[in-house]
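As written, the chain order gives the labels A, B, C, D, E and F, with residue 1 at the start of each chain.
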């Protein structure tokens, strides 16, 4: 399948979960350079698989399916699950049971490296006037954020107990461009996101690492000094979009939680009920 | 039901989950002094209800049942769920879904104080040569411990978002007496356990607090200075049982994880599969 | 004046400011044991001077008067000034100009040790769920507290610049007995207060020290470990008054600042205007 | 007064105190871009007011005058007062009473943002071999520095009590160019000073922030990581003046305080008496 | 040799170096209870060996001799070497070469536990107004102290590399009674010293631990919280000798290093030359 | 000897030990610009002395020779001794006795500044997933590293006792270019090394400083923020050699200490015996 005259790629096979999502689509092209084979999976349709890809539509809550996904895999980039706030029952299946299935299968199949898409919503209840680092306490700002805390704790256990290394990416706002003033702070360009995944996969030893995913924006809420062993240096900045958000006097409502906390509007969401 | 001439008790109604378990049984008598009515619940049979008790057998994974439990309640002592390692599917229902149901119902019914039985297994992968405090990072030593980390994160969210205060009790080993040398360190006498719950219920403001549950034993792995606003001062010590564990030379196997880590034998357990 | 056959007392002359106040009166007897002569001063009437006392009524805002007070003095216990919230103009004279005068005169007259009555109101805007130590940041809860912060900064300068040592006593509530539930935490018995002053005067080197003044009460907001070089060990506890404040369920108003912050009702005071 | 076709400026009216001083003059031009109207004030003559300016000569120690200054103002840049060491009585009026008047008036008139010119002399008794950040303890190096500590404590109180946000700028040496080797470290170019004020005014939430004012000089005594939520990134460096201070062997006098401490020659000043 | 009917003692054979010194003599009796055989060694004469003792006069700088000492030993209490300041050449042989020989031999002979008599002089250049713990930086106050720092670093290496556990005892002043006011702070009663060694030998895992050796004296410079996993709780206090050092006003000489630093008079010693 | 018309150089005479070694050779040219006279010394042959040089072949273990070296010297760059792991007896002479001789002579001859080549092997037993700074605890990874810890402790003593300032350079890998993937992290270009020595010599006050010697490489294990008062800013990066170490999947052996710890292969060396 691979051109025999081409140089060997560093990984034999990588697994990408959540491959049909916004960030998953960004990564697919990059992964082609890093692995002979990329197994892409999502609960949604994955579109046309490239020559180097194995596309497997699957539900992470399905234990057997997840065990099959982890077979013969060198490392995992785990973006799968729900990435917005949602009814708890849905989060439970996708983010709690799904992530457990992933680690249980990684253990069984001897996979030793996971890059886990955690989220800034695991720490969104810290005020915007505080600068966090890898040791800042968890402060989830929604049930979705709580499930990301679960993923961080679970992966810590699998590292301490079985030596499975994980880099937890507390991703800010990774979109084409910032959509509001808060995202001027949390913006992570696609290029920087890909670079962050690259560092997380290729650094020889990562242990169980916590790193914040933001570009080199002017305002910073997060300090990655303690993760500098990963070698991640963002190249982009939200400053290129500065003119879209002209300077304005501070907002009048002192007590608006959506202005006071890093999680923004998430912190005023209500836990959702699932329609039945 | 209550003697009209007796002085009023501080709480109108307390809810005790896990009331049929080892620690639940210890608490039932004490709660009688603190509340006019004690609603006791468990998945197992609760035996004969006392005059001041409302006994309700219920499964915490049953959302409707839990909502009924939280009605007209001033505060909750939440000991329910599974308190040993178990298959993940079981832990998911009892400790994750169950604890979520409890907080969702507390929010709905305006309950503002929870005393949550977390566990030393939320931090059991710290070495026995380290002294922890409330800011020590989570290091669960088994899947059960991971679900206790979930409970701590979830309760933090309900505090930051809705002002529901929780004291997370990282209980050591609360039994009649220490059963092995490790428990000489982790022992929490029943009397001290009850006192710890008392402090957690009556302190006027607790925010979201982390406190370790151990008696005043000679060897200490945990330092409660940061929780001294709770006023908890243990009165017992495992030293009264010292003669059962005569001094011995350090064990020969340097690398035995069960000797190296605070969680003891838990740290070498394997995740369990549920029999089908 | 002193009995020639009596053993010499350690200090030749001590100055006590604020000697007519509540705490000043407690100290007068004790100081008799420590110094041949005790110069007592206050803006109010000092009553009958004892044989070993020099009583000087004076206003600390009066520079010349203060310079006279500091002559031939070995050390100062500075309780003078206003010890409740008050109009800023009054605080400015008594606590800011007065304390400056005191240190300027101490410098001029070669006095090298001051025991300064700071206050818990210098840190009263910390929440009741936090345990403070000598390095906790200043959080004054009223203008009075702000002037105590001034005294702490000023004395730090005189230490760094001129080697005048000061122990800043962040006194809790030093009264005959606790008057409300908050004082069960902040209570400093008169006996413990005197012992704290004794340690502050006799410890050979104190540098510029911060120490909290509370008895060995059950609930603790303040940790004096960093000041353990002073040797202060309280002997009393507010527990002896526990029956006056029977246990009660936490108060309903979650957001009441007087319940949430260590300063209690001070934190909701309004800056006062001086009647004209 | 304003060109109706020009875009609206973010602030309606800003107040600049100390507008006739060295730094005040630098700011006047910049403020024109940020506010429709700039009220400039100083105890000294303000020269010709520009079209967008309201010039008010006033003494900050005059309470009524200060209350008039704060009327209808969105935010304040408070550079006023004495900015060198001076007799205490003068500092008391200008920096203590003056700053109190400013905050009392801000509270009364609903002003919610102050940019306060604190000073490196609030921390100048730290040695030159220590790198400070926002949590470093106060170490004033002169009475002037003590009054800046007062301003920091006072503004903290007004933030905790009334939600008035302040950015305390611990300004290094903001002049046309460095005048001595110490200023190679403490230099803050005028351009970087203006940028620092801009960040302090426009960041939506600042709480009560401490930030050091230095350009991107080679040698750094101050680390602004904890204030990175302000987005301040200096663009200049004292290195452009390096050739004026050719390398020299360390000075011989090991114990010279002016060489050992960050405050430089300030630390050996004597408290001044006011001529009478 | 041992009474066959007596219960077995926990250790088969312990090695005690420095057994003829002040503290070594205190320990000999205690060790009889803990080990079947105690090998005692010193460069000086050891007197009469008890029935359970093997007495070996030896120089720790003699590699072959040290290797013989370590044969068939379960654990070592290493008090040997020079315990006062001395010419560097002497310290080099006794404390540097001697301690290296001990660890090299321990490694070769599979000994896995050492109790190492470090000293407060490894940290004596900290001021008396600072409270230290196990993480405080090294500040030796004399060449002797520097060699104790060497022993701590060397033992750390042998732990990280070969798993040889060491408890470094930073012993204060262990004598019959305090000889001067400084020793009121640093006093370690013989009984508490023996208890400290007992905890260091019997705690199942100690890793590489730092613990301060002082009784429960009123004034404390050292906080052993981080070593509370050893279970050391002193039972004595220097307070029983308080009347010998009556209270006195602070000494006049502000700058006397022997008063300012924890090491006392050691800090003003000069490095010694060895007589030739 | 020096051109009378040339500008005076900042130092009169510098001493460079280890001048014949790899790094010593790099420095000789640079020192010519900084001092009128450079005294170069080594145990090995020094080659041809330049016009401004005094070449003295000497053994640092020879006390008399070292005292002669320190005469009439302004400052020392101490690179001498053994810079790889070696038998302890050799390290003892070269690095322990040699460094002691150097400081004893510096004290006797009034030399007040030493730049000391410590090593990353003083902290090499920290894992590669941790970022260290100047306060990280010592973790030597070999006997050579232990002797560097000795040099750091010894120089701290000479600073606290006699005011001799030292900058301890924890040099990474200073070679022409990185020789293996680990050196991509630890690489210090010769140019950056020289700059680091320059900052250490010319900064007016350095106290006793710890600074890591690495270029501005992508991956960082060491954070020099606390030493930013030295003004060291590396200009090079190992990234220019990145193509030599193409990306590869993490190595399979999880437990290989040479991969897990910063010291690399040093951490698995065995203490060496000296051939006889």
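Keep this in mind: a contact is a pair of C-beta atoms (placed from the backbone, for glycine too) under 8 Å apart; a residue touches a chain by one contact, two chains touch by 3 or more.
Note that the structure is predicted; figures quoted are calculated from it, not measured.
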Set of chains whose contacts include both chain C and chain B: E
Cα-centroid distance, chain E relative to chain F, in whole angstrom: 32
Chain A and chain D: spacing of chain centres that average the CA atoms, whole Å: 41
Where chain A and chain E are represented by their mean Cα positions, the distance between them in whole Å: 51
Touching two or more other chains - residue numbers and ranges from chain F: 225
All touching chain pairs, where touch follows the definition stated at the start: A-B, A-D, A-F, B-C, B-E, C-D, C-E, D-F, E-F
Residues of chain A that touch chain D when the two form their complex: 127-131, 181, 185, 218-221, 223, 225, 246-251, 254-255, 259-260
Residue ranges of chain C touching chain E (in the complex, touch as defined): 10-12, 34, 74-75, 112-113, 163, 165, 202-207, 209, 225-231, 233
Sites on chain B touched by chain A in the complex: 88, 92, 96-97, 100, 104, 107, 125, 135, 137-143, 145-146, 149-150, 153-154, 156-157, 160-161, 267, 271
